[in-house]
């Protein structure tokens, strides 16, 4: 099979980026928009074509999906063995990700034509979007872990640029900075993990690392550090990078703030694509984790489980609709991470892996839909706080319907896409660890509750008086909504177990009704509760929040994690490290240097006193010295 | 005791006593006079060793020239009756330390050192010998230093005039 | 050659004169006295030159010539020094050496 | 004629030319023409060098010329380049070229300014081409002295103090160097004529006691110029007071003399001592790296921030050199080039921003991106290069260094490597802080609206610096793959006795 055209998937966005970035301001804004959108449209078609070709034309070789290196070039040689190659690798998950990224990105490109219309810096927005698409696509097709790191960083910087798109708004600047630094810190772990792993295995290539030949791990397997083997360390550190990008606890703090960016950006980066990079990373390295560092996998499962519960609880208390969605994203990614953590490798054992990818796939559609819907609402209401909304169903029917579909999907209503993927995750968790299963089961209920709290508050609830009547979004915005809604409904019917599995071999999966029915029920309970409390304006929520008192406040303030971070960075690092270092440098180190200068000057001042200008004194010193020298050299030293 | 030996010790005594007086006298004109005495005694000493020309120069230049110059300048810059304050104790002590220790050292050195005379016969020192050698250009001729000294003297003379000239 | 007078005695006398000069140079503050001390020092040196010539190398005249030149230089020195002293006196109305320390540092 | 001589002749001719022009316009034109020629010569030389290598030239140094200069002491004018020197010369010519355009507006004593600047450049070029230690030292001094005048006369702030401090500290380094160089010289031959020739010296195995004694002199002597902790304090003061072009040249090129000297002289000639004492200097450089980065966080003055950042980045250069394997030294050279370009870019930008706002105090500025987008974007690019964004040169250099440093298996090297990697996060913190405060956010002053964006010469200067940063970042192989011929002999000598 010839896949060499896939290089276009990367070249088109970067070309669009360069065009818009360097020449964008020379043309009318719409030119940049069209260049970006059309470029991404081509990428979108190519990606789907690749997927079709990969899965259905190429198909399986020896009963498993092969890893195809479509192209590869040496980029930077470190040592004889360690070379970064830039290339394109096609395997089930990268092809699946290509489809997800290009589809969502294409939708967002179209949507933004309407959403960003008339904004200052329209061409800048499109150039950044193209840069992001390039980086994200490069990330998913990476042939080796270092290429992934390269694009990982590029994705980070695109995210930084897009969050800070409204750069004159201090909160946006702060949020972008926070996002970048937090992920950067996590990436430090990633980098060290790569260094460790590559040093012991002497390779960066995924094909080698995840291949069947485990002999490359032998040199490091016996080594341990602080009670854990080097590969456990390496995997944990690599996961740290993934946790940073995927905003897992405790690196989650940047994601809610990242909502300062334009809403399409939130949809693209902070819901559907970039934040799942961590999941993708773990999935990509899954054999390494599974065979070399099962302990790390266990940690991953717990981190995922905890984050999903934690974020879901916070989501119930937030009022900013984008923040609710952000916490919901966290919670859903927690699901995916957990699914990977509890997964096995072969056959039906690997259901967690499959479910994770499946959920990633479906999540991309419904979460992008939710965000774009939220964008349409914000566009209409000019606010993103729930209290300013209510009764919008009358004004924005399309948005309403699509939003409702997305809410139903995320709540796990049967026969919508997330029902299937979530069910698989619960199955995997159930077989692995009952505690984690219980947590996830609970989270499913909470998810349904807060999503419908959001839905009812926006579209039902009180009839808010608006300054000017909200209107339905233009076609260019509603069409992507509708397309995504269709995706949300039907994405669940893709036979994932046949296509994307941990060991590349398909297996049979069935819906386990023993788990599916209770999970649907708890979802319905959540929806019902939300309906009860928020469909009409009631005082129940207020009363509950008062009844919960301190707990509510803690949750509302996101468990004060941000404040703890702020304390550590602002107070400890700035005041207790940086400032003393600066002081030390100015006063001790430089002081020593100045001190040497000072000593020289002062002693010179003292010595110059000898040059008193009194002739007799000179004479005396001279004579005395002569006498002393004679005494010494003529008499004492013989 | 031979007369010339006695004469030498008298001259020595004069030199020693008047040197001390020169530097201790608190009246400056007297100091100049004591200096004159020292110089004259030195001249006597030259006579004793049969260097008449040297002694003459000493008398004319030193006693006659320099001391007179000094006395003129004293008269120009000081009151005759002016009496100096006693020198400060510190300086006195320092001066004495230097002087006494230096003198002691020199004396010890002089007494310890074995001086060796030349074997060659002495020559007669007369004006003619001095004159030919001083202006000679051959071996042992001093014409060049002599000329240099004369230039130096000229320069000193002009310099002195320029320096001492009343400013504008 | 002076019979009966050891050379060392002459040298001791000249040494005494020399250090008396140095003493004076240190102790006194009047510039003219200092000048006189210098004359003493030079004179002591002259005696030495002459004596060495007479006692050790009577076959030559070098010592004497050196002494002669020293006298010449002393004259030049004295004339310049006195010119300076007079000039200083005119400017500062004093010939106290302690007030003439503009050249310090 | 040997093409390398051009690198000394062109600047000298330029200086002569500037002497005969009458106003600042003529002076800057002459300087610009001269340095453009220099840049062309550097590129031609690079091409020639690699053409010869390709044709199979196998000498350690190409374009080798040896002219006896002072016979009795056996001092020669010996020139020759290997690939490190070639790239260093390219770096220097780019930075000097950009520097001339960045200081296009200097009108006060402009002829003298350009003359000093080009003299400084002469020293730098001479240093990189010399193979005779005496000549090398001579050029080194030639590079340091004009710095005093440039900072003292055309500087800002407490310029006399800074100039004095910088010169004295660098002179202190020179003093150590003289001791070290003479040590090499007098130990170079037991019987025959002693020599300063680097090639001949490199064939000698010095006795251990001698190496132990002289290595610190040489390493610290060059290390001062490479901002080795705790002898780096000339850097913040010096840079902050220096005029734009001088900061560029100093941080961009002159500080590289330190790293280059450490490698070429100290470590190459005294390999056993280098191996033995590496740990001491590794600790110091690790401190430099982290400490410089932390120091930068607290600073308010743009130039101070950058100066501390330079301390951190140059610490990484020395750190990598001391790791003493092929990858790490490769990384060190990359880092020198990368840091040279991006710090020159930084200082050029700071100069341009200062020229508009008349302050370098970060809290007093804000929102500049909206009014001077060209400068703003360039600043962001410089910042991103500095914090190691893939696609720009900083990433390539840092990653090569880290991979190389990680090849040591013992705990000591591991730990300091991990500490050193932490600097990339801290770098991100201070870079983003500055970018956030300076460029982003609401416009702080009304008068900013009148600021003109970059003029043509400013754009030229910036583009000349940004282009290589991006090219190295996107296609590093052309650079990192060519260094082997220079590095292999050094590494072999360093590891021969292990």
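To keep things simple, chains are lettered A, B, C and D as they appear, and every chain counts its residues starting from 1.
FYI, a contact is a pair of C-beta atoms (placed from the backbone, for glycine too) under 8 Å apart; a residue touches a chain by one contact, two chains touch by 3 or more.
Fair warning: this is a prediction, and the values are worked out from it, not measured in the lab.
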Problem - Central chain of the complex, centres being mean CA coordinates - result: D
Handout entry: Comparison of B-C and A-D (more C-beta pairs in contact)
Key = B-C
Fill in the blank from the handout: Taking each chain's mean CA coordinate, subunit A and subunit D are separated, in whole Å, by 37
Exercise for the section: State, to the nearest whole Å, the distance from the C-alpha centre of subunit B to the C-alpha centre of subunit D. Expected result: 69
Handout entry: Interchain centroid distance [CA atoms averaged], subunit C/subunit D, Å
Key = 64
Problem - Chain centre separation in whole Å, for subunit C relative to subunit B (CA means) - result: 6
Exercise for the section: Identify all positions of subunit D at which a residue touches two or more other chains, and write them in rising order. Expected result: none
Exercise for the section: Return the residues of subunit B touching two or more other chains; collapse runs of consecutive numbers into ranges. Expected result: 91, 94-95, 98, 102
Problem - subunit C, residues touching no fewer than two other chains - result: 22, 26-29
Handout entry: Chains that touch, pairwise
Key = A-B, A-C, A-D, B-C
Completion exercise
Note: in the complex, subunit C contacts subunit A through residues 22, 25-29, 34, 97-98, 100-105
Problem - Interface residues, subunit B side, partner subunit C - complex - result: 1-2, 4-5, 8, 12, 15-16, 19-20, 22-23, 28, 31-32, 35, 38-39, 42, 45-46, 48-51, 53-54, 57-58, 61-62, 65-66, 69-70, 72-74, 76-78, 84, 87, 91-92, 94-96, 98-100, 102-103, 106-107, 110-111, 115-118, 120-123, 125, 129-130, 133-134, 140, 142, 145, 149, 152-153, 155-157, 159-161, 163-164, 166-167
Exercise for the section: Could you please specify the touching residues of subunit B with respect to subunit A in the complex? Expected result: 91, 94-95, 97-98, 101-102, 105, 108-109
Problem - Residue ranges of subunit A in contact with subunit C within the complex - result: 608, 611-616, 619-620, 623
Fill in the blank from the handout: Listed in rising order, the residues of subunit D that touch subunit A in the complex are 165, 168-169, 229-234, 236-237, 291, 294-295, 297-299, 308, 326-327, 367, 369-370, 384, 387-391, 395-396, 399-400, 402-404, 406-407, 417-418, 421-422, 424-425, 428-429, 432-433, 436, 439-443, 475-477, 480-481
